[in-house]
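Shared between the two complexes below is chain A, which has chain B as its partner in the first and chain C in the second.
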Partner chain A sequence: MAQDEVLRVEGVSKVFGGLKALSNVSMSVKRGEVVGLIGPNGAGKSTLFEVISGNMRATAGRIVLFGDDVSTVSPDRRRRAGMSRTFQKVRLFESLTTQENIAIAAMQCARSNDDWRGEVQSVMERLKLTRLAQSYPAELTLADRKKIEIGRAIVGRCRLLLLDEALSGLTMDEADELVGVVLSLNTELGVTIVVVEHVLPVLVSMAQRLVVLNFGEVIADGAPREVASNEKVMTAYLGSKRGAFS
Partner chain B sequence: MSDTAMSPANGVATSRINWRLIVPVAVIALMVLLPFVVGTQSYLLGIAVRAMLFIALGQAWNVVAGIGGQLSLGHGVFFGVGAYGTAILFNSLGLTPWVGGVLGAVASIAVAGLMGAATFRLRGVYFALATVAISLCLEKLARHFIGITGGDAGLAVRFIGDSLSAAQSRSPLPFFFASLVMVVAYYVLTRRLLRSNFGYQLQAVRDDEEAAAASGVPVFRTKMWGLILSAGMTALTGALYVQFYLAIDPGAAFGLGQAIQIQLPSLIGGLGTAGGPVIGGAIMILVSEVTNWLSARTAIHGLDILAYGAILLIVVMFVPGGLLGRTRRGA
Partner chain C sequence: MSSTVVSLIQALASGLLVGGVYGLFSIGFSLAFGVMRIVNFAHGELVMLGMYAAYSVYLLTGADPLLAIPIVGIFLTVVGAGLYLVVYERFVGKATLQQLLVAIAISMVIQIILQMIYGPETRGVQSVLGSQYLIYGPFFFSYGQIAAFIVAVICVGVLELLLQKTRWGKLIRAVADDPEAAEIVGANSRAINTVAFAVSCCLAGIAGCVLIIYYPVNPGTGMALMPIALIATVIGGLGSIKGAFLGGIICAIVQQLTSTFWSPALQDVPLYVLLLVFLAFFPFGLLGRKTAH
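Up next, the complex of A and B:
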């Protein structure tokens, strides 16, 4: 397989009772890419993240991470192998401080000679969390909580980052700042990113490629321009038939 | 357990006095002096032993339940296996409790392993219910196998007089120091645990299992080791308990009342904190002495249970995290 393929989803289906949340989904992500994953509510975006991260097992299909089939590998081992994710609704360790939240992941993923303490400090600096190091999540704004979750995700040799609605609920300024941070992870640290986001203009400015899910199926996969003019996509986004992204 | 202290002062103030340790050190010093103040035969020493055994059980439970968030109602199992195991091995084989206690702890750890394997796929209330079921089973077994356990009446440890090798003494003094050592050791262990990788794994699992897994924490293994550590500590306390009281019965070992009492010190003092079970347990014993005295005067029984319930209710309503709340976790 291609050396620079970080993630391959092969014919993945996920059934909840009678509901087919994912239906024969295939996609591939190359090293260094920023891929946007879009689709209407209930399209299966979060479910796809659950399956890729190992939090849920696919009903059918395979997940190949960094060249290895991880379909039956536990989520914590996938994380230690370099795959991280955030949750649509931020999930932090509420009884631990900002610094501890980030350090936990760093400790799990560190190898014996790693300076994980130093890494925690530099990640907090990058995310402008240093002055909140000793604060507890409940005391913080949503934007800071999201940043902690991202910090927790990128420490410890993260190579592939899945962001589920990283910007939702943020003010314009907060969103702008976070987009900058996320892009810097890609350009400066070389982290490959798959991001779910509803605000499409923002996503188009971030991603080199868009994958569109609708009713659990991939209906388009390509450069933002192509995808935006794709007919299936326009129909999926009813009410904005004139061009999904404008 | 690697030392992973992350406090801001870490590495800066190593040579200076850690003022946060003043209170624990002062308490320990006062406890060491107690026998010389009240006399070595004082009934107060007996009360202190009772209190410290109770505290130690609370500390043991706190490891998996308070720090790890796995609300076990089955700790009577580990306590009972430690206590019965030590007593049975001594009575029937003459095995010294120093070894018997360790074997009891090993047996207890084996039980914990089975219990964990069977229940840790379950979450929250299901885990708690499964642990109750297991302890009720053991209670039935203890009542049934009269030849080994003495049945309903329980088991009396064969008393051979003052003996170090049999860990027996007419005076409460040796038990006072033994239980003091145990409580201090458990306290130090809990403090270290809270700052260790394993302790952070437990806390992460407690706060959010899926987020813990997404952070690289092996959730099942973390719960399992937490239960095993906690079970071992509980069983050792059971062994000391049976040496002090020289008796154990199914209710005291496996009963639901015991399972609930084990939880109270941490709930009152502060779940998941190092100092919580110590303060909570001390308060409970003080209260129980007062209520026992009142019960004797008024012939109303069960005042202690009533008082525990009232205290727990007040704590839950006004200081939900316990007297030493979350942010003073290291205390």
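Up next, the complex of A and C:
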């Protein structure tokens, strides 16, 4: 594994009964990158996230995280190793307040000398959640719920963040704000990010590299412009050879 | 004061005292359901196991059941952790028919084992508290029931404090809300579930210790207690600890009022009516959350 590689997916397949959701998928992510994972509905993006995060076990292949094979390692240990994620549909702890939702992750991942309370505070400030510290998720807007989920994901030494459709359901202004937050995590905190997103123009502006899945297979991997003009990608998205993201 | 008013106040106060203990064993049942979605139909038998354990300590040492609480609590905690890891773990999150059948099978195994050891006879202890009464005007209360109520309130208070204020409690609540998301924030769901189930059984053990002060035990006792835990949990709200305690008190008060003003033989009838009414019209109970599964 290259020294600056934080994630390597090696020949991963996932079969559900007779359905092959992922077929021999391989990709790697380098430290500090923002990588977009795209593909039509049912392409296998969320399944790949499930396998990388450990919520699902791959039928075949390996997941190498920060140099260690974590294919059989539980999700909580992967989290403590520095990999975190959000869900396509926001999944907060409804019986905990905003602050508790974030603090619980910080506590679980903190080492003995870590100032996790200070970290929770600073993450809430970064995400403009301080005024909502004592609110429960059910009282909040979708945008705030998404921010809490991101806050919960980045505390506790998060080095690799998987974002699953973080912008879906948001207004343009809310989406712009969240994109700014996500990019600042990358540029200011050095968090490596893999994003699944359907708002392609936004993704193209965020990501340095795009990986395209279709029917569970990687059909393209490269710079956004390169991928946008890829014949297979255009066919997968539009069934024709027009520019895929135009 | 008319005799009807005296009877009413006596029934309400006795119901409150007995209800504390009902609440105590109902919160154990509710905890297992709230965190793991396990409907532990063996919970009544675990309370009964606690009663027999306290009885055994009494036989061996002559110690009052209240003094046996630490040892019986630890014993039931170990039994609970073992039961969870060996049997219930595979059913977490799935209140399936298989899970219900397994729980019923466990309850029968416990019954049979206890019957083999202690025989079918009803057994009780000579507790100092159980045989003395606090008399206040026309009212009288068993010291045993008062002590049991105090223990129950302390246990519920401590549990509520643990759940609301400690890291462990927050983890349990997080796992109860969403076990998969809890793992994603670094929580070890398996360990948390094991602890939660063990605590649920520990509470059953403590309830057994206080119950045997004034309620003799036989191998059928668990079966008689189980419906109360179930009804109290439904009334209070599935998965709500405070709700289960409140439900236990309501169950006992309804029993006492029925027994006083109608017939002791029919004291459980209104409970089943309440169960049906809540399931049909208020499925989230008094304090349950609508997000409860």
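Here, the second predicted complex is superposed on the first by the 243 of 246 C-alpha atoms of A that agree within 3 Å, B and C clash if a C-alpha of one lies under 4 Å from a C-alpha of the other, contacts with A are read in each partner's own complex, and residues count from 1 in each chain.
What we mean here is this: a residue touches a chain if its C-beta (ideal position, glycine included) is under 8 Å from a C-beta of that chain, and two chains touch if they have at least 3 such contacts.
Quick caveat, the model's predicted, so the values are computed rather than measured.
For the composite obtained by superposing both complexes on chain A, the positions of chain B and chain C are in clash.
By the touch criterion defined above, A:Y136 lies against chain B but remains apart from chain C after alignment on the C-alpha atoms of chain A. In the superposition on chain A, A:L183 contacts neither chain B nor chain C. Contacts of A:Q99 after superposition on the shared chain: chain B is touched, whereas chain C is not. In the superposed model, A:G156 makes contact with both chain B and chain C.
Where the contact sets of chain A with chain B and with chain C meet, they give residues 53-55, 74-76, 79-80, 84-85, 87, 91-96, 100, 103-105, 107-109, 152-153, 156. Of all residues in chain C, those touching chain A in their complex are 167, 170-171, 173-174, 176-178, 180-189, 289, 291.
Put simply, chain A touches chain C in their complex at residues 53-55, 74-76, 79-80, 84-85, 87, 91-96, 100, 103-105, 107-109, 138, 152-153, 156. Those residues of chain B whose C-beta lies close enough to touch chain A in the complex are 4, 6, 8, 197, 200-201, 203-204, 206-208, 210-219, 272, 326-327, 329. Those residues of chain A lying in contact with chain B across their complex are 53-55, 74-77, 79-80, 84-85, 87, 91-96, 99-100, 103-105, 107-109, 117, 133-134, 136, 152-153, 156.
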